[in-house]
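Pasting in a structure now, in structure tokens, and then I'll have a few things to ask.
Every chain is named by a letter (A, B and C) in the order it is written, and numbering of its residues begins at 1.
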Amino acid sequence: MTTTLAPPAPAASEPAARRRSALPALGPGDVAAALVILLLVIAVIAPSLLARADPLSAIGGEALSGPSTAHWLGTDYLGRDVYTRIVHGTRTSLGASAVAVAVGLAGGLALGILSGYLGGWVDAAVSRLIDILLSVPGLLLSMVIIVALGFGAVNAAIAVGISSIASFARVTRSEVLTVRASSYVEAAQHQGSPRWRTLLRHILPNAVGPVVSLIPLQFGGSIVWISSLSFLGFGAVPPHPEWGLLVAEGRQYLLSAPWLLLAPGAVIVITVLSASHLQGVVGRVRRTSA
Amino acid sequence: MPSRLRYVATRVLQAAGVVAATYLLTYLVLFALPGDPVANRLDNPQNPVPPSQARMIIEYYHLDQPVLTQLLITVGRLLRGDLGYSLGTGRSVGDLVVQGLGSTLLLALAALVVAAVIAATVGVLAVFAPWEPVRRLARLVPALSLATPSFLIGLFLLQIFSYQLGWVSSLETEGPVSIILPALTLGIAVSPSITQVLIQGLTEASGRPFVRVLRSRGLTQGRILGRHVLRNGSIPALTLLALTVADLIAGSVIVESVFNRAGLGYVTEQAVRSQDGPIVLAVVLLVSSLYSLVNLVTDLMYPVIDPRISLTESRLGSSRRPDRPALAEGT
Amino acid sequence: MRGGTLVYLDAEASRSTQPQGAGTWQDSAYLENITDRLIWKDPASGEVQPYIAESWDVSADGTVYTFRIREGVTYSDGTALDVESVRRNLEWQALGDEANGIQPSTQWPELDSVDVEDGAVVVRLLTPYAEFLDVLSGWSASLVADSTIAATLEEQQQITGIIGSGPFVVESEKYGENIHLVRREGYDWAPPSLAHQGEALLDRVEIHAVTDDTTRLGTLRSGQADALRYIQPADERLLAEAEGFQVLAAQGIGATNQWHLRSSIPALQDSRVRRALQVGIDREGLVSGLYTENWAVAQSVVTEDTFGFVDLSDHLAHDPEQAGALLDEAGYVDRDDDGYRVRDGERLSLVTVIDVYDATAKPLYQLVQSQLKELGIELTLRDADYSQVSEAYAAPDVAAVRSGWPYPAPWATLRTLWGADGGDGFLLEGADATLEELLEAQAVATDEEERAALLEELQTHVIENAYSLPLLKDSQIFAASDAVKDFSWSAEARPLFHGTWLDRR
């Protein structure tokens, strides 16, 4: 095995010559993703800029009408404009998912690094704790947390986040084990580097790779999870236009008014794709400037 | 090797501890949560029970006893092999779990195969396909399959293959062919994380210096891929594969509802939603045992795939100052 | 005409078929198809008619009932459904089985004794009970074989544990998936007033539990099933336009879809506020906005075919001006920045829990919320799941909960729901003596005219005081292919397959 002292740089399988410029050229996909993110940010901060109508007002007589010039994405069973509801629901949905991911990431990274790096009984204890967490049915776990914290989208998000700690932790742990056993860490130990420095400078940057790549996925997954919880009555309460709730309600109208499901569903897909794409771009920038 | 045997023995002991702790925790949680199927039966608006009769029903189920007493009664029965009866439907818990397990195990295994195939195909395409557009497209697949609701995929498959083409019945189980559509749906639903991590792992591994060294020695791309990169890049994906068991059970609930299978996912969800204690406890017992087993197997496999990882997880970073450098097994 | 298998898709799986405890739509329907009862209630008129009881006498004071039992009836296990069996059944219904955790049938009156005298069954009650015969027509009064009575609670909760005399027999059951029924050979004791007598026309009925709405409808449309229970109002229109299908609506006899208002909430202690709600809700708007022509507005707390019904539509007509005037009178004159009425700085705000038992509840509650907002009343919606619905309903700040379903003995059930010694649904704690008196009096009245007058008074009292807000007459919606003929129901809108047949030409 070749020994290197610098942490391995994940690079695409290309010949050694690299461009000198700090920024890689941006393609049309990158632009589209950035635009989507921008729109989402506006929707979170100032939704009325994008949609002037009131998301909660029911317009009599126009229930379940399809997309038209008056209603870009159609109306729902109470005559409310779907586009407006999606825009106004962005804040809650993205906020909730961010909370879920943050909770899962923070908890998972901490536990994973702790158990992978310290090893011994700490590893055993944390791993068994994670086993317990995984064995309890996810729905039950979510129910307990929500009942303890109170109903609502944010608390549902915390519940989803706690449920996802286990996967983050295990993946981190396995990465830490791999990195820890690699030769350069051994070398650092030989040189007398204190434990915490080894952790911070060598192990952490390399172990987070796969976990970070999971973030956009976890983000999208949280939206879907929160949607099922909302549908069951544990998350956002109607008439609030949270995306997950819109999808869950839309499911019941799949045959008679498919746009009720497809519109918020498509928005979720586009959001997750953009986040995923953005994360790829950031990764590329990080690598070329490293 | 004796140390490996000792390791396994320690792990089995720990597993037993985990199972017991999970059981206890779940029991307390169920007790603490408001509501139960008996209360719902008493308050059922279609057949409301007068308060005078309610008392008798509550006594029958020992619900008026303190927690500890109820726990001891339940554990006592458990040790005699009696898993009890569903509070809501009166069915034997053992029968329900066996019926559910049979159905879901089959579905889960098939779905796992589907997910692994998807992950491997998409992963390899995303990193090693010679054409850029194909690589780009492949990298989109995990996000796409994650954000698409699984019930939509299931309904779509049903619409085409069952309703329109009539190849498969949506109601009856007609042998092995009935598992294809649900397995496809569930497999697609649980594949995103595995695929993503595999892509990540393969990308990193293929960029490692040793790959260049191997290539300079004249090994073909395929050889490098198969024997070295795949092995090294697979650790996190393997870990995730084990975790996918959780996703499978969660995802099976939706798939089972769309395809009318009363598997473990369905039984568990019904039980949790109505807080049907005996069923939830039996499922927890089953799942925690399963997890401990899967985790043990996975941990045993790490050193097989990457010999640098030591089995006993300990040396580096223990509280004692190491007086000799820790040498990983196998180097 | 005769023969064939009906594939029926139910919206939910069987939960518990134990007769005294069963109440869900699906379980009560299954029970009624595999058992018989003493009394038949005609779905069209609500009259009680002969069934297993060929005829009966009621004593002048209303406490002694003598039933003459039809001869030649047997259970599917071969045992006889004779006077002794009826006696054992009635005792079991009246007293339950405490050791086995089986409660008495909930609306049964207090029993003095059940005896067999001169080949007839004589039931002596402690007090007169006007709806006794109605109770005996309900699914909880289904007659079962001795082996069922002796079985444990858990065995009875599964349909395979119920041995009845009905037109169908259970062949098999797979939990959560399907139930297979086969024709009972030799069945010859259907209610005399029914058009079809003798054995069932269908060979088999295969009941599948398909909980997903889209799959259920899709399976019917693809031809893999013949009939189903429940589709969304939006899908009703879709199906009505499609060729080869029929949408059937059944409205059971009993209480209407209504909201109980709780007088424990300070704002609702003022009857003007309650009456404002009564006339402030636009019921026609609810129906036209969310439902189809198979649904209608409620005209009282009970449906028109319930005994004693009186049409109180004028009290329920939408009158926003009057509602506004009542609220002004009650002191809620000013409005705050969000448009809600305030009194002494406090907003008029009410909390309700979205009904979990009604599939159309979410849109309905949101529409009511939006209607009340125009009046200046804030209605906050809370969601609940089956598991915590009792807790959610019992929360002290909940102002209104939904009630009202088809019942075999509607007034007895309403008395259990409303009475101070029962559920005290309006949370009056006995404060309204008139209400309590009326509930008592109607239960024991022996003269029909007297009883009808009492019931009229009761309904008027409840509606004028706006203790309850009747909203709609629920319909149970079924859909079937055109090949299914004579799909029919019991008085409580449970499907009965005895006379159904398939025209597969």
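The criterion applied here is as follows: a contact is a pair of C-beta atoms (placed from the backbone, for glycine too) under 8 Å apart; a residue touches a chain by one contact, two chains touch by 3 or more.
Only a predicted model underlies this, so the values are computations on that prediction, with no experimental measurement involved.
A.B. asks: Count the touching C-beta pairs: is B-C or A-C ahead?
C.D. replies: Answer by contact count: B-C.
A.B. asks: Can you name the chain that lies farthest from chain C, using the mean of each chain's Cα atoms as its centre?
C.D. replies: Max centre-to-centre separation from chain C belongs to A.
A.B. asks: Can you work out the whole-Å distance between the CA centroids of chain A and chain B?
C.D. replies: 20
A.B. asks: State, to the nearest whole Å, the distance from the C-alpha centre of chain B to the C-alpha centre of chain C.
C.D. replies: 41
A.B. asks: What is the distance, in whole Å, between the centres of chain A and chain C, each centre taken as the mean of its C-alpha atoms?
C.D. replies: Taking the mean C-alpha position of each chain, the two centres sit 46 Å apart.
A.B. asks: Would you pick out the residues of chain A that each touch at least 2 other chains?
C.D. replies: As it turns out, chain A has residues touching two or more other chains at 143, 147, 232, 251, 254.
A.B. asks: Multi-chain contacts in chain C: which residues touch at least two other chains?
C.D. replies: 214, 218, 385, 387-388
A.B. asks: Using the touch definition from the top, which residues of chain B touch two or more other chains?
C.D. replies: Within chain B, residues 33-34, 151, 155, 272-273 contact more than one other chain.
A.B. asks: Could you list, by residue number, the parts of chain B that touch chain C in their complex?
C.D. replies: Touching chain C: residues 33-36, 39-51, 53, 56-57, 60-61, 85, 88-92, 95-96, 99, 151, 155, 158-159, 162-164, 166, 169-171, 257-262, 266-267, 270, 272-275 of chain B.
A.B. asks: Sort out for me which residues of chain C touch chain B in the complex.
C.D. replies: Listed in rising order, the residues are 7, 13-16, 18, 21-25, 28, 96, 98, 100-101, 103-104, 106, 140, 153-158, 174-178, 208-212, 214-215, 218-219, 221-222, 224-225, 357, 385-391, 393, 402-403, 405, 407, 413, 416-417, 422-423.
A.B. asks: Going by the contact rule set out above, which residues of chain C touch chain A in the complex?
C.D. replies: For this pair, the touching residues of chain C are 213-214, 217-218, 232, 234-235, 237-238, 285, 289-290, 354, 356, 362-363, 365-367, 369-370, 381-385, 387-388.
A.B. asks: Going by the contact rule at the top, pick out the chain B residues touching chain A in the complex.
C.D. replies: 10, 14-15, 17-19, 21-22, 25-26, 29-30, 32-34, 127-128, 136, 139-140, 142-144, 146-149, 151-152, 155, 192-193, 196-197, 199-201, 203-204, 206-211, 213, 235-236, 238-240, 242-243, 246, 249-250, 254, 268-269, 272-273, 280, 283-284, 287-288, 291-292, 295, 302, 306, 308-310, 313-319, 322, 325-326, 328, 331
A.B. asks: In the complex of these two chains, what residues of chain A are touching chain B?
C.D. replies: Touching chain B from chain A are residues 1-2, 4, 8-13, 29, 117-120, 123-124, 127-128, 131-132, 134-140, 143-144, 147, 166-167, 170-171, 173-175, 177-178, 180-182, 185-186, 189-190, 195, 209-210, 213-214, 216-217, 220-221, 223-224, 227-228, 232, 247, 251, 254, 261, 265, 268-269, 271-273, 275-277, 280.
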